[in-house]
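Have a look at these structures, which come just after this line.
Same chain, two partners: chain A is paired with chain B first, then with chain C.
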Partner chain A sequence: MLKVQNVTTYIGRTKIVKRASFDIDAGNIVGLIGPNGAGKTTIMKTILGLTKFDGSIQINHQPVTENQHAALNSVGALIEHPAIYPFLSGRQNLALYSHDHQDMARLIAKLGMTDYIQQKAKGYSLGMKQKLGIAIALLNHPQLVILDEPMNGLDVEATIGIRKLIKQYADRGTAFLISSHILSELQKVMTHVVLINHGQIIVNQSFEEFEQLHHRDYKLLTEDEVLTAQVLQQRTIHYIQEGNTFRVKRADIFDIQDALYQQQIHLKELAPIETNFEQVVVTILEQQRRADHEA
Partner chain B sequence: MKRNLLEETFKFIHQRTFVGGIVLLVILMLYNALTVRINTTTLVFEFGAVQWIPVIIIGVASTFLAMEYQYHTILVVLYKNSHKWQTYLAKLVVVWLYSLLLTVVAVVITFILKFLMVGRQYGWFTYSTGQPTRINLLLGNVIGTLVYSLFIVTLAFLLITLLKMNTAVIGIGLALGFLGASISVALMDSFASSTTVVRWNPLNMVFVTQQLANSPYANMSHLNNLEIIAGNLIYAAGFGVIGYQLFKRRHV
Partner chain C sequence: MRFSLYQEFYKLMHQKMVWVSPLVLLGLMVTTGLTIGYNESKLLMTTCYDAPDWIILILAVVGATFFSMEFQNNAILTLIYKSANKRAVYFSKYIVILGYNILLHVIAMAFTFVLWMTPLSRPVSWSMLYLYHQPLWENMLKTSAIDVLTTTFIISLIFLLSCLINSNAIVISVSLLMIFVGQFISASLLNGNKAVHILRWNPFNLTNLTRQYYNYATYVDTSHLSNVQLLCSTASYIVIFVTAGYLIFRKKRF
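The block that comes next holds the complex of A and B.
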């Protein structure tokens, strides 16, 4: 669906995005994450043909450049702020871009905007504007939707509604590229992770793979904690004792099981410790910072 | 391009400035009618509308382009179009058509005010002393205003992309409207030996709003009718090209 290959984007003479490559297939929900100033919005703008860049971007095998936007007919976007004319009503803002009035009416109903859609947008709250911005991005059955901080200003109910809507569209084959600082929210919908730092993509994998890789620690509970500690020490296996359980590395779990079996110590529990996605991201970024510092 | 024109027209007519510009023009013409003695000059200059239309247009034009950046809608406008020039040109055309509408309003209001205030006196189809009929003088001013509007719209778009400040552009518009002609005359007086060059200065182009109907103004502009129309169109083309280049390069 979307192919980004070796894309380098400059603003003035500064390189903002450096040789970025990633793909998005139909139905994928890709979370684009990274610290402030990492280049997330610039990547999104580049895909929309709004900046000069080196490399290649293709949507359904059609190239996108600064002057070739034909492929973007099937793309919806909400970048930075909802693109809304305050002197128009919500419905007029949608009608300006809509090619399918039934689809527009359905979106208004799904997003719960019916009560105020006839009012001028200048009187809308931040959340109402955000929903209208998302509705504009979802108009005309897009094949790819780019959302920059879509949950900004939304209350809990609206956030859940948007999440459901994103999943519904993805199930029908729409691909999403979403950036958000609310990682816990992104975690609930994304199928792939692209982590960017200083303009470089440092992680690009499916969310499942990402979780497996970063669930490094396991919780171990046996019937005899004293004997278990002795076995681990004898085998020089690193562990941290937390009460009657042990925190061990994922890489060691087969050795541990073999050792315990030999000593006839029965396992009560061996399970991955739930890691906080935010914490994992912070750790990766810290590791990269350290590596950059050492280099 | 047709879609661009329809979208821009839709936005334009829903903006407050659309009705605001017309109301302001009518109020200013009424003010002129009530405070100035009515004679042939007042009528053929449409109760001051010839001077006010360019001033209103510069404000409306710069606001119409600036609002896309102010409301962050420029991103959608640009990514949904392959050709930035179509967006820029559609906006230019819509604002110029608005100047045409203002001109029509000014003519209608002039007819009504004349009828209400002086009745059959100063007949439209009668000759003023040694001059064409008043209706011909009025038409000359209408054409002049439309030509100058093209100059003003392209200049306003160029200035707003360059300065990025609406108030600054409106200030320049007011200065052009009220001081442009006097500064130009002063320039030509100061550099009398170089009049052949100085007469092509952009401030001199404002005389097109007056001299097409009133040939003595050609002595002030030092350009004949054809030259001043050509001058306005060449400046408009130049401002249009430079403005578009700046618009194209502006980072969004």
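The block that comes next holds the complex of A and C.
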């Protein structure tokens, strides 16, 4: 669906995005995450042909450049702020971009905008404008939707509604590229993670892989904690004892099981320890900062 | 391009200012009729009750707002990525404003016919010969057509300024300054009697085009250009301003 290959974007002479490469397939929901100024919005703008860049971007095998937007016919986006004309009503703002009025009416109903859609947009609250911006992005059955901070200004009910809508569209094959600072929210919908820092993509994998790789610690509970500690020490397996349980590394779990079996110690529990997604991201970024500093 | 044109037309037609402007124009034309006097019917009919001066003011405001609203409403990114390219965005806006410019001139001529039937000025036949030994109706048509060129020149300048400056208030101010003070700046430059053959081609001089057409004797000494020369240089400056504006818009970072 979307192929980003070795994309480098400059602002003046400064490289904002450095040789970024990633793909998005139909139905994928890719979370684009990273600290402020990492280059998230610039990547999104580059995909939308809004900036000059080196490298190649293709949507359905059609190239996108700064002056070639034909491939973007099947793309919807909400970048930075919703594009809303205050002198038009919500419905007129949608009609300005809509090619399918039935689809537009469905979106209005799904997003719960029916009550105020006829009013002039100048009187809209931040949340109402945000919903309208998302509706504009979802118009005309897009194959790819790019959303920059879509949950900005939305209340809990609206946030849940948008999350459901994103999943519905993804189930029908629409691909999403979403950036958000609210990682807990993103975590609930995304199927893939792209982590960017200083313009470089440092993580690009499925969310499942990401979770497996970064949830490295396991909790171990056996019938005999003293003997278990001795076995682990004999085998020089690193562990942290927390009460009657042990915190062990994921890489060691097979060795541990073999050793316990040989000593006829029965396992009561061996399970991955849930790690907060936000904490994992912060840890990865800190590790990268440290590595950059040492280099 | 067709969808971009539709979008620009849709936005223009939904702005209150666009619909109020013809009424303002009518009010100003009536005021001109009342102030210039009962016996100046021929001049009033030729100039559509001084509509060129009022249309240029309306276009300065509408034109500047039409471009800068995209920046002020954060709509420029959506507009560009949904269009075939930046050229489609820029020129569809230009073409729609050009259409509005022509429409305002047609409305001014229609209002002139209506006002001609009122006791606002002395009754004069449309077939009466006046400027350039041509009937009044022809004078009016030609003055309006020439004024379309003058106002297009101002629109081109406004588009160029709008690509350089995002604030419509500044663009409107600079454009109005050009309209009102341009003629005096040009006159001051030319009154120095130095390098007149070069300085007479300055863009400020071109704001004299319409006035010189209906008042040749007075303005030819100020502009130092014949009607044809003024016409050709206005057309050339339109091409220069539109091209420069487009190139700046293309290079602009959003």
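Here is the rule we go by: the second predicted complex is superposed on the first by the 295 of 295 C-alpha atoms of A that agree within 3 Å, B and C clash if a C-alpha of one lies under 4 Å from a C-alpha of the other, contacts with A are read in each partner's own complex, and residues count from 1 in each chain.
Everything that follows uses one rule, which is that a contact is a pair of C-beta atoms (placed from the backbone, for glycine too) under 8 Å apart; a residue touches a chain by one contact, two chains touch by 3 or more.
Here the structure is a predicted model, which means the values were calculated and not measured.
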| item | value |
| --- | --- |
| Fit or clash between chain C and chain B when superposed on chain A | clash |
| Which superposed partner A:Leu94 touches (first chain B, second chain C, both, neither) | neither |
| First, second, both or neither for A:Ala83, with chain B first and chain C second | both |
| First, second, both or neither for A:Met190, with chain B first and chain C second | neither |
| Which superposed partner A:Val7 touches (first chain B, second chain C, both, neither) | neither |
| Touched partner set for A:Ile108, first chain B, second chain C, both or neither | neither |
| Partner chain(s) touched by A:Lys45 [first = chain B, second = chain C, both, neither] | both |
| Intersection of chain A interface sets (partners chain B, chain C) | 11, 45, 48-51, 67-70, 72, 75, 77, 79-88, 92, 96-97, 136 |
| Chain A-facing residues of chain C, complex | 7, 10-11, 14-16, 69, 73-87, 250, 253-254 |
| Residues on chain B engaged by chain A in the complex (per definition of touch) | 7, 10-11, 14-16, 67, 71-73, 75-76, 78-83, 251-252 |
| Of all residues in chain A, those that touch chain B in their complex | 11, 45, 48-51, 67-70, 72, 75, 77, 79-88, 92, 96-97, 136 |
| Residues of chain A that touch chain C when the two form their complex | 11, 45, 48-51, 66-70, 72, 75, 77, 79-88, 92, 95-97, 136 |
